[in-house]
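Chain IDs A, B, C and D follow the sequence of writing; residue 1 opens each chain.
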């Protein structure tokens, strides 16, 4: 059997400590919930890392042993050290997968990988979201129907300033009148990046079975592919006689 | 363990009967060679079908039990029955994968799925092809280096009149001065289509280890993804109160 | 000054003859309304053609002198002659632009160019549509804001079985709970295709200023680009010494 | 008549001062040659800016009055001030076009917009390049044939670590055995970015008629499109009753 996919679930882990409603939903942090449902899969082996650990829990060793990194941050994006962001960026280009959830749209690492402002329209009103599948044959949509719903969410709306994705998997409808491209696949270097919109901290989004299904699918899609290619400058002699 | 991927290797199987040099390379037909290297994989179960069998070997039963269909044709594209093409097309939209090799660019089924002329520039001179990987993180490029070479091929050159692919995996260099987009991924309906350029009948292309590696990768990529989505017209009541 | 862009506005022109409510909105056919607002532009010269004219108004001469063809059809898609569809298809691959509006998603020519079923979810309830711009720098979004609204429309929802577009310009929100990719750009051969969702016959959609703006933008985007490339098979000698 | 497109041609302008062979080809700097052929067009108004001017010639005023910025740099990428790069980046997201030529692949601004390493394979051997058109209907390919040639160039080869483009226009063949995606269109924010491979300083590339044609086409394509969209965070009330 193939080796398990090694996932590091990264979480800012601040709201869960300081805000009662969030603490109630995720008493041990949302990273614990995410790691748990991933570890229930036989082919995935997840651990966690958080902002306030030394090196944000992302030492060279941890990164070297991570196949897929998942990222959640919100109020403390600016506290993430630039040198760690550089290391994560480097690892993605080498092949490590990155899954960015919800407010991670504005994290340093996601913005660096996108090259755009990653700004969007938002509203915290607990409204309904309906997530439609627009590329049903894609591995990330595995096991879903035409759509699934989240009863109470923070709204994210267009214009979402990100590059046109290589593959657009989901589009969200919101009760308040907006739409959002909510499942986006990108190739960057030898790595793969998936942005997934749901994940607001004041609703139990990461306990939703469809959200969990998508994340498990995305881990498998984003896992590194064996390759001898390295993103690097090289100055070789000609392959053909000049 | 997951069920094996059920592949049907379709071949026109005419050149191998009538042309000595081709018969020499593929005495039992190239479908036999392709099915054999696929069947050496524990997660793949391949059978074959050819033009001169009843219904071209593609009965409703066979199609219903095919996860991925591979296609090679050349001199007898026009002999493929339109009703069979319709059935294959329908199955792709339902989720069946289709791998089109080399001269299958001009097959009825590939042209129907692309919606363009699928014409190209070509030359039979036995020249060298060097296939460069341009999306190294994609599952179809697994295990490859920066490029691989085929010493003697028929040349295919741009302008290749196909839709811009969802993912461009390979670009070929030819000794005679041309380039070609030679590994192309498309989503169509719930199905996936991969066009792979190599495969000329007068060279032992399907015996090349890198070609075999790409085809095995592509089978796994193109295998259907479980989904409740069906491409169909539907006229449902509103999901929200109007 | 450059020559004007020659547009042929094609219309099925049946509903307007037989259905009172449609006749009331478009007494001379919707083609007349479309041609009129296009002809108000100094750089566009529009004429019309309809199903019941000889050759559906699309003689070889007319097609040869058309830079951009716009298409509206609904109840009589099957009456469009296959040989005319072939000619239109050929002209698109040669460079003629094609704009397909609303129910033209199911026209023979659009389905042929897409290669998929082009099926979708639909509902005739007169609900609200809000069309969001997701690629604001694209020529087709010129002059628009973040979104525009149509108060009463027929709903079209996902899954819309079309190829992933080269450029996705608009995404629609519907009151009843659906979303739709509603402005889609494709390159096919040397030609360009734009699908635009609005255009239902029982509402005065083609009189809406934003709809008109999009169509005028799309005409300019879809106009042929001078090129020496022709989609065709060719068998040239090598450009380099073998 | 529409206002002219205001282009600022930016050049590092170092090689032309210090290296005899480059000085000979571009005695007044390559920016002068580029601005001159652009100014020969009635609809374009070009000025220049260079690294050693105050603020690299890119003051707030200049940037505010620039529709399309063209960029050439090589040996002094690191001398470009980060605050100026930020301003250019901001202007692109607002709608300003950016054309990056040749070694600008490794400029700060291009790397920031791409989010990848932008590394590639290279060789300075004066070999032949043949640039093939793979999207002939695109405005940037206007007036070209199937391909054009540059007799002596620096080679750039794959793997080119950039995001998959929204539209791939050109693919290059090199005498030494490599290929390269050499004409790449990206939407970023409200702006458009075009990377064009040719432009090495020791050959008179910017005097080549086809290169000039492509650059003129690209200026017109990259010019800003009037829009009310702004890439920004916003927190509006719902558009529909919740």
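Methods note: a residue touches a chain if its C-beta (ideal position, glycine included) is under 8 Å from a C-beta of that chain, and two chains touch if they have at least 3 such contacts.
Since we're looking at a predicted model, the values are computed, not measured.
**Q** Measuring centre to centre with C-alpha atoms, which chain is farthest from subunit B?
**A** Computed centres place D farthest from subunit B.
**Q** If I rank A-B and B-C by number of C-beta contact pairs, which comes first?
**A** Per the contact counts, B-C leads.
**Q** Report, in whole Å, the distance between the mean C-alpha point of subunit B and the mean C-alpha point of subunit C.
**A** For subunit B versus subunit C, the centre distance works out to 32 Å.
**Q** Using mean CA coordinates as chain centres, what's the gap between subunit A and subunit C in Å?
**A** Chain centres of subunit A and subunit C, defined by C-alpha means, are spaced 37 Å apart.
**Q** Note the residues in subunit B that touch 2 or more other chains, in rising order.
**A** As it turns out, subunit B has residues touching two or more other chains at 121, 130, 133, 135-136, 146, 159, 164, 166-167, 175, 177-178, 187-189, 229, 239-240.
**Q** If you look only at subunit C, which of its residues touch subunit A in the complex?
**A** Checking each residue of subunit C against subunit A gives 121, 130, 132-136, 146-147, 157-160, 164, 167-168, 171-174, 177-179, 181.
**Q** Residue numbers of subunit D touching subunit A in their complex, please.
**A** 93, 112-117, 119-123, 125, 127, 155, 159, 161, 163-164, 166, 175-178, 186-189, 229, 231-240, 242
**Q** Can you list the subunit A residues touching subunit B in their complex?
**A** Per the touch definition, subunit A meets subunit B at residues 95, 130, 133, 135-139, 141-146, 166-167, 175, 187, 189-192, 224-229, 239-240.
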